[in-house]
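To keep things simple, chains are lettered A, B, C, D, E and F as they appear, and every chain counts its residues starting from 1.
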């Protein structure tokens, strides 16, 4: 692994500075402003009575969890039109909100949610690469804070979260395998992976694509190792944040 | 005027605490997080080359200014569906973004913008009444900061802003005329006015409606006086903020 | 006030010729073709069983009143595309139909409508300025005729209308304050107000905007006086029309 | 043929009273209010510079003619939602506006229109059966009046209309073959035909359908005879109207 | 009638080779791949519990039958965008699917379908003229096969089909009256008719249009004779196919 | 690895029967009907002049390749509504068509396509699991046949395809790792992977998700091995098919 510093001074296997700020949107049941370097995402969890029609039709019991992802128009260097102005959600957004939803559903026992839907909204305030992995990482925290509020107010009896979940990107840029790819790196990446894992070290999702080229079995293996290294650190940051927020009441999912 | 305190302890002619925080969205040309009490709105100004097709077709010279307004889903006590999920912008949103656009165009000389469009995005992070007046007040500041950046980088030669602009709501609640109405008051308001004025004390827009009843000529006059009193204070707060932000380079429009 | 004649020979404080023609659309419960000079609008009131879903969800009793406004494609000098051809209602139309709805709801006791919706459709046959104020003025008459038919057929027990309502525009054109602005004047207006008042002289709605400039407190006061003068005449014309239509059965709301 | 009177007193082969009123929408280039009994349709012709994109792409010379058809919400006994409220044009409307367009294009030499589009708008004010045949009949008259105005103002050099065109419905109701079917008859019709012919007696369009049953070769022949009889009368009414309108300048297409 | 061979060697009154292939889409209740020469359409019938909302609202008993028609993007020489890419179904498609639906409803007793909807999907795999008439012809066969499967599995007690139905096009090309028009002929056709008849020789639908010109009473009569000749042959081909498919269980509707 | 047979008699590491049928849609430039057991997909490649607007705006040279995926309504056991009927493409479809597009772009040198777009349409005729992997596998063959036709007709000078590409699914069902998952297995799968590789054994895309649970590093490794085994066989089947189709002219990308 080359030891040349990256454009922002990081080593190849170094995360950007990760911070979490609770209660950015106090009307939500739980909310967090998550930053991975200059990438900043508002993650909010809100609970709403009722479940989707298909669950009723299919007789599925319990609750539901769904996610929405959006980039605020001023989050990118060139203004990005709102979805409603273009009249539809673009394909990339659809993929990302489905990924966030699946990732969070992997660590929740929906039967403990009651007949409720937990919405996870991720709105990107500033985009500098890795918005989907920051969203998953922050969405879990927003969900955990929301669950705590519902436990405290006795709207939930048990914590339905069964583990924590976090995500990170890895990729190959100019032949080097890099952790937590920033925008300047991403636009030239040859291979781009998003890896989602639980706090207990199990995989939830592995999505990798050769953007301009293909990749070998060896590269795949190296990237998986790099991601696992990074995800341990992200997971530790989540735990530290929640410990401080929830203090003695902490019952990590 | 009754001296009974309002639900939040204010007197009838008292504004909520107003704060402005610059650079909430650094990728925008200018941005401000504006708070009127618990109402919080992200206001961002971005400049984009080009003007709308109708301007070209009609041969209108100069630039354009337009506004978009949106409530983030978690800004209200009950989650509000995104516009794109409902497939259309609701009527209230259309009215508000047209109002913001007209208000800002009243204080800009579009011929000095060049062939550019100035976008003013107002995204409500927390809604507690008066989101449209907070949006106008903050949008002006975002525009002013954006103009300064464009002047400093010599993308603009002259400040196109000709005055400042701010807005406030007034209304009649349970028979009392109140300044800067919060959500709890607004939902029971009998009369609801939004007044937009320039820093030099000229009217830009007067919109008043008897929500559940009608109103008399005398009530109209009292409400105008109350709004003018409040707008002087809002305008002073804008000036103080800009003075601090722009320091010696301040050339208020 | 200048005594120079306007482009159509009127003095500054003179209305255009106002006419009403009943039963233009006999399948409606009540209908009127209203003309303010060359501006002609078909106003139709139809009653339909049922109320909007939100009323049921919120447990609101009584009926509902809503308005739709549309310009027929051949109403303007250049053909205007239908809403459905453009795929959406434009912002101006949304504003106008919300204004018509609010104005009519200000003079109706919805609890006396039963579980019904009163639709007020305003379709502009010819546009020459002031289509929204003509629409409100005509919509009231259509509603009043519809109510009479429902009273006569004993589908309603009591008249739910509590007052009459009418609207007029005033504005500043080339520095002069003018009543009932026609299209040629409107496109150059510096200030444009739409005022809605009841027959008993109470305000329902005041909407004023400086289109290309701002306006002073004194101008605002003069315009309000001018509008009130005009609205007395419009209201008198409504009463004369209804007296003739309803004859001895007249029970003005 | 049975001699029993129909619900409105007509014999089986009798048209309803047909009337035409010119200039119902003066901003259109030509307009007519057409009535077939209680069915009333506003037909307006407007000329607009330019032709559809596909004509340019395919290099087709000359102009274009297109039609739009709409039922005003209050034209039916139960209020009909606007197309824009339902978000799409229903299938019946699409069929009708395509039929009107084809019928009119059969009697126009598009190469004489210049690079212009002739729009024919048909808005149903009151629906009592036969709205599509009334629309075609009225649309021709609106087009003819529009052409005259364009000839008079020298915007056209030659009349592009090559013949007149009119339409009528025939059908089988309770076993009887009837001309010009009204709504009460139409809803029980077993067979329903719309026939479009030119003033010179050529067929333009024959559309027949067994609504609840099938029909025989003999029935088809009788219905064609009945339609031809009716269309001679409709065509004569068109000529009489145009003669009066155009007086000495009449140059029937 | 001229004896010159057509572009594909056929005489004026000769059909293209017609073939039917059963079970092209085994998950459908019944399906057929129908070919009229190079025109190939997948026709599938699927039964679904439930009926449209309007049937319930109007208290109509029994089942429903509806059709959808679509051209696969690669069915034409130049790729045709999918409906969803253009955001709407074009007018021609709407007309065709309404025609298919009406044609099939003419030969079914909906009261024998139970509270079910029979969907008839027609997807054009290759378009060479006459796709709507091939669709109707194939849709009947798909419906008949579906009915047999439902009878065999005792989900239906009686065959609801009351007759067979088939369709063919006829037209005037370069002055000649031709049967079963292929694409090369169709694009130059002066008159274009689609005729739908039952196996017992009754008319279901007659749709004829002068595409670039008008047509005479004599031409209409000749075209009807030509269509009837062709439809006898198409109907015989349907019977032969079904006889082979259904063997001894054949109970032709 | 358990030796119990699967529901269809296969061993855990056995593919379903794979077949390819050329020219299913002759109007396309190239087309293939691909079957993986009962899963059948029509894959068609069509070339169209022009490239997307964004390529022109960004000054990107060469051509473009894009994919569309759709399930025919009768491809599933319960009829699936068309996209246009629901008014939008569902999230799963968006993901799949983006995946097909990326996979094919990984093996094409777009600079050799000229200013053309290569469309790859995949329409599912019968769905029994693995429709996206069958689509990618068939889309490559359709593209290869299309390229050959364009080379033969000298519309292309060089083969732009740089390698072949194929895809297969692997997963964990009831604890067993299985190759090429059919529908009955898929709906109970705990882990579901889609792997895309080139004929030369390089990875193009790795997408894996724990549908109801998470998965370990060891499981991930086993699944990758299983997929690679299957993909060698799929790639060999592609080569055999193309060899037969292209005979001596074969120049595999």
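Points to keep in mind about this one:
One rule holds for everything that comes next: a contact is a pair of C-beta atoms (placed from the backbone, for glycine too) under 8 Å apart; a residue touches a chain by one contact, two chains touch by 3 or more.
Only a predicted model underlies this, so the values are computations on that prediction, with no experimental measurement involved.
Identification of common neighbours of subunit B and subunit F yields A.
Interface residue usage between subunit B and subunit C, two copies of one sequence, is largely shared: over half of the residue numbers at the contact are used by both copies.
The chain with its C-alpha centre at the largest distance from the centre of subunit E is B.
Among the other chains, the CA centroid farthest from that of subunit C is the one of F.
Annotation: the E-F interface is duplicated by A-B among the options A-B, B-C or A-F, judged by over half of the residue-numbered contact pairs being identical. The centroid of the Cα atoms in subunit C and the matching centroid in subunit D are 33 Å apart. Centre-to-centre, using mean CA coordinates, subunit C is 52 Å away from subunit E. Centre-to-centre separation between subunit D and subunit E, using Cα means, comes to 29 Å. Counting only residues that touch two or more partner chains, subunit A has 87-88. If each chain is drawn as a node and touching chains are joined, the picture is one closed loop, every chain linked to exactly two others. A single ring links the chains, and its order as traced from subunit C towards subunit D is C, D, E, F, A, B.
Residues 24-28, 31, 38, 42, 44, 46, 48, 68, 70, 72-79, 82-85, 88-89, 119, 121, 123, 125-127 of subunit A are the ones touching subunit B in the complex. Looking at the complex, you find that subunit E touches subunit D at residues 88, 91-92, 94-95, 97-98, 102, 106, 163, 193, 198, 202-211, 213-217, 220, 224, 228.
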